[in-house]
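Note sheet for the following structure.
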Amino acid sequence: MEEVRVGIVGASGYTGGELLRLLVGHPQVEVAAVTSRSLAGRLVGEAFPSLGASYPRLAFAPTDSPEAVAGCDVVFLTVPSGVAMTLAPPLLAAGARVIDLGADFRFREAAVYAAWYGQPHACPDLLAEAVYGLPEFFREEIRKARLVGNPGCYPTAAALAVWPALEAGLAEPEGLIVDAKSGVSGAGRHPALEYHFPEVAENLRAYKVAGHRHTPEIEQLVAVAAGQPAAVTFTPHLIPMNRGMLVTAYLRLRPGVEPAEVAETYRRRYAGEPMISFLEGDALPQTKAVAGSNRVDVAVRVDTRTRRLVALAALDNLVKGAAGQAVQNLNVLCGFPETTGLPLAGLWP
Amino acid sequence: MEEVRVGIVGASGYTGGELLRLLVGHPQVEVAAVTSRSLAGRLVGEAFPSLGASYPRLAFAPTDSPEAVAGCDVVFLTVPSGVAMTLAPPLLAAGARVIDLGADFRFREAAVYAAWYGQPHACPDLLAEAVYGLPEFFREEIRKARLVGNPGCYPTAAALAVWPALEAGLAEPEGLIVDAKSGVSGAGRHPALEYHFPEVAENLRAYKVAGHRHTPEIEQLVAVAAGQPAAVTFTPHLIPMNRGMLVTAYLRLRPGVEPAEVAETYRRRYAGEPMISFLEGDALPQTKAVAGSNRVDVAVRVDTRTRRLVALAALDNLVKGAAGQAVQNLNVLCGFPETTGLPLAGLWP
Amino acid sequence: MEEVRVGIVGASGYTGGELLRLLVGHPQVEVAAVTSRSLAGRLVGEAFPSLGASYPRLAFAPTDSPEAVAGCDVVFLTVPSGVAMTLAPPLLAAGARVIDLGADFRFREAAVYAAWYGQPHACPDLLAEAVYGLPEFFREEIRKARLVGNPGCYPTAAALAVWPALEAGLAEPEGLIVDAKSGVSGAGRHPALEYHFPEVAENLRAYKVAGHRHTPEIEQLVAVAAGQPAAVTFTPHLIPMNRGMLVTAYLRLRPGVEPAEVAETYRRRYAGEPMISFLEGDALPQTKAVAGSNRVDVAVRVDTRTRRLVALAALDNLVKGAAGQAVQNLNVLCGFPETTGLPLAGLWP
Amino acid sequence: MEEVRVGIVGASGYTGGELLRLLVGHPQVEVAAVTSRSLAGRLVGEAFPSLGASYPRLAFAPTDSPEAVAGCDVVFLTVPSGVAMTLAPPLLAAGARVIDLGADFRFREAAVYAAWYGQPHACPDLLAEAVYGLPEFFREEIRKARLVGNPGCYPTAAALAVWPALEAGLAEPEGLIVDAKSGVSGAGRHPALEYHFPEVAENLRAYKVAGHRHTPEIEQLVAVAAGQPAAVTFTPHLIPMNRGMLVTAYLRLRPGVEPAEVAETYRRRYAGEPMISFLEGDALPQTKAVAGSNRVDVAVRVDTRTRRLVALAALDNLVKGAAGQAVQNLNVLCGFPETTGLPLAGLWP
């Protein structure tokens, strides 16, 4: 099989570092170029002491230099929202395929982007062309895409938790509540008081209640799965750990639906999915089971007293929630086996 | 003011240790006796290296010895459910007042206890007499009580989060969802694989989904607050930290209720409560703010898109969630100022 | 007893916050003024959500305003090194007593300060007058002082670990090795990449090997204890926890010294010290035993195979390592009982 | 290249789980059998939720069944000390090669084993035949071995830190001090109060001061490196994190030795070693840089004021400190490229 040349724009953050970690083990990929504004000219090992031995000679080019990733077959963009939509057009024009790990190419409607991200979309036609990169639900579209909007971590976990129930009409999309918990790496690598170690360790809090930007992305997925729009209540929480995300979603079960039917629906839906484990018996998702891996563990419980379906999903926010999913998308795009270079085993402990 | 003689039965667990820590600073209390089956004859400092200097000569008597706490004015029971209901009758008969930190005296109906705790109640008449020890809502009853059922940590946090809205009829009790997160000390001090450090650190999981025993206790409180019974969906989660609990509760707002009305209702309800801080502005509860203290931080948000009320409360599960609340109950029982010996300031960081 | 009016300059960092937490419970102190450049005009509760209920109306004055702490009997300075030596002279001139929690008044020789802190000392005469505020060894001098240099956290722990052995001539001061480990709050509250939660959690490293500024301060203490100067090898390490410091010191035992003699020397030396617990039997110091308290746990072991004395001390870097020691100094200065307002019990867990 | 059939005896602990995680990615290995007394008959995924997707059908055979690993080419023993020396002889007799991850085959002298492990060695002739499995120093012997004693985690880190200096005669072996810090997974998976999450988190302590069983193993390595025996002072510490080990070693520099000479000696010694990174410039070892990887980061500093050499090494105690080193030994034994299946990149964060 041939090798693709890959570039990563904005590679000194956690998502960029995770891409680099995963691509070390990808036999069809050559990391040809990485860029970083803050670390231009420095070796990868200076940003990530964990990677110096794996990329002894790779140095960051300045982010603003467009020629840095020229000649790459696939370019990953790990830059702030609003930046990717200015970088993607020339890269696509030059023939590269682009996987954006930010929010710029995730929405079907430019108006939704504008409303939640506070600026008009710079290239609505590309937005219309872009494919939402959640392979478990949009695999065929991704296969043919030039431009992939890699999903947010919370929407990935939420969608994998609730999709089978909504798709099969077992539960109401209306009234869906997504209570989500994330490790701190999801906040990125930029230091700030709220992520200063002593402020976070032995602490626990919700944030952006009723206002997080992943809300419309979750709603877009719910609409596709359920075949009808629905407003979602979404509350993220910050957990004192590095990696890992757990979504606990609450849905009203439709009348007459039995617990066994719910389990069987999930089991069937995810049977052929290499990255998704539907947990049977007493097992519940836990983030340690997927740490460092691209897997997602999913379980469901029916609260028969309240007729609620509680759907849970655990993933590693940097892997299936970001870089791993991006590599999975690259595999789909390039026709590689979908699990190539992606660890299925988690790090325990 | 006079001093009361206090005994603690089962004092070598985390709740017992926290009672001892708090009572060091209580000017009206003398700790006259502590008991422990596993550490009978050992000094307090052997169980708690943190307390050896404060109780240099206090040793544990064997738990089974009833005379160990004879002569105490107030006895705290920190023993497993099912044990307290055998210990309380003779203590009460001997004239002591009893504060049970377990579940044996929390329920109004013996049948509820039996259904959730798997055994019939041994003294239903005492259950009928016992008072539920949540001073913010049952202060007058506690004042006159001989026997107090000290609340569970989750029910305390959940009740403080939702009570004002239910009491004022701003939100529906039906459909209430309580998504709760707790530090590991809430699981007690008995070592087990699931609380072994490497299994918990960098991990996050839900447990006992749709089946935790605090569910009926929360429902009992909801029924009182709302004036009508309602089934509650309750999901606890284990968080990799020692102390702290956060409840995120979701309620449907009644038609016509405005966000400002919700905030004003909470503000008024908790205005005179020394232990409750209703957070204004952008502030949200976080467990670090109450670490080691008996305070509870409460906030509310209205999700106007979904008409959901999101009510949040943070407390220290060992203090307001257990030992601190028990001392608060002792203060009420004995007519001491309610905050005596109870820290209001948290440990930051 | 009379009340003293206290001011804290630079009160929005961790040391300032810890002073505020401790002074809540100090019956002879009124916190009259706090200052902060970054939070001028804001309430204490905005800097420390843990303290809002305890100081509901106290706001930060701008640090640069000298009149902010005018009229205070005692002023604590928690400002960067180099700043305190400009603030102290006018405060002393106005009749206040000053306790500086930085390094500006810790050294006997201005040349040592200049060599390690990179600037000449601005008021060498005040340096000569200042007293080193480690009450266990300099209590009488502190009693009469106007100006106290509150010790560094590492020197406090190191001195308490090795002092009795050196003072009694049981071990050589030459060749002393101090291997020290600290929680992250010791690095202060200013966010930086190296203290960003995901960089620290699940990580462990030494820093400033053979070059940390606490080295000459330790050497100054060793010289007093041993009666002769000695160069010390000092290595600090950063531990993924909020609070707590452990020093493991290695000394060569002098010929003929027996293990029992070492233990007896420590036992006698610390017998009357309310803040120091010399651990007997198998017990070893651990930071949790002193979390939130002003105590120090000390133990010694003799490695008979190598004739090394291993001396260990654990303390809370923010309490006995900073703010608690400062309050202890205030108590000595003002003639209050030395433990006033200082917790002896630690927070377990 | 051919595939070897591998068995793991005692595979339900952390070391066994880590072997399984690493061998997922080893192209020349088939895991043919795993055993566990406590989980006999259960699937691997029940012991390690992280591994269920990778080993969907592999179940534990009972440990005591010798036929469980019959037919394996290489058998890893991850059983308590004292057990491996009864299991190894029949396995070797049956033609398997054996890598013991415990202490039974690490010592050159049976008397040393007996003195530190409290029982006579059951097969001193095998002990004489066994090879100490630290490939960086004993690669040629391992190549020809039937029986490998896989090193302890602390001795691995200590040896890699000090070996080049001792071997080159730059520092004195006498008086060597090894101050070591380890994450909690090093204590194994058996729950006990001292490793219960709330006892460890936010805590820090030394343990087994002047008496840890890794002391003679370190001394054996020092003797080989330096060409002369020396007694070592060794102090291990427990750090509140899952994985990672840091050794800070202190040696007296020999007269006339210059800092540059030390660095150059280390640089040359480790130049060809794929698993060892000698850090240049300001970089110091940190455990996060090697988390999940088989690398070791080494650095040296000369304290010119005290003529001490401070040598530091960081590794992942479960990888290079146990399972990864065992796989490295398997690679050497079997003639595979030495890094096969072994990650060089760490998990950041």
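Think of it as A, B, C and D in the order they're written, each chain with its own count starting at 1.
Heads up, the rule we're going with is that a residue touches a chain if its C-beta (ideal position, glycine included) is under 8 Å from a C-beta of that chain, and two chains touch if they have at least 3 such contacts.
Bear in mind that the values here come from a model prediction, so they are computed numbers and not experimental data.
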| item | value |
| --- | --- |
| Which of B-C and C-D has more C-beta pairs touching across its chains | C-D |
| Chain located farthest away, centre of chain D as origin (C-alpha) | B |
| Equivalent interface to A-D, taken from B-C, A-C or A-B so that over half of the residue contact pairs match | B-C |
| Distance between the centres, which are taken as Cα means, of chain D and chain C, whole angstrom | 38 |
| Where chain B and chain D are represented by their mean Cα positions, the distance between them in whole Å | 46 |
| Chain B and chain C: spacing of chain centres that average the CA atoms, whole Å | 36 |
| Contacts with two or more other chains, residues of chain C listed in rising order | 14, 183, 185, 198, 201-202, 240-243, 286, 288, 291, 349 |
| Sites on chain B touched by chain C in the complex | 14, 17, 20-21, 24-25, 48-54, 185, 201-202, 242-243, 277, 283, 286, 288-293, 295, 297, 343-349 |
| Residue numbers on chain A that touch chain B, as the complex places them | 175, 177, 179, 181, 183, 198-199, 201-207, 209-210, 231-233, 235, 237, 239-244, 246, 248, 250, 284-288, 291, 301-306, 308, 310, 312, 314, 349 |
| Chain A-facing residues of chain C, complex | 14, 183-185, 189, 191-193, 195-198, 200-202, 240-242 |
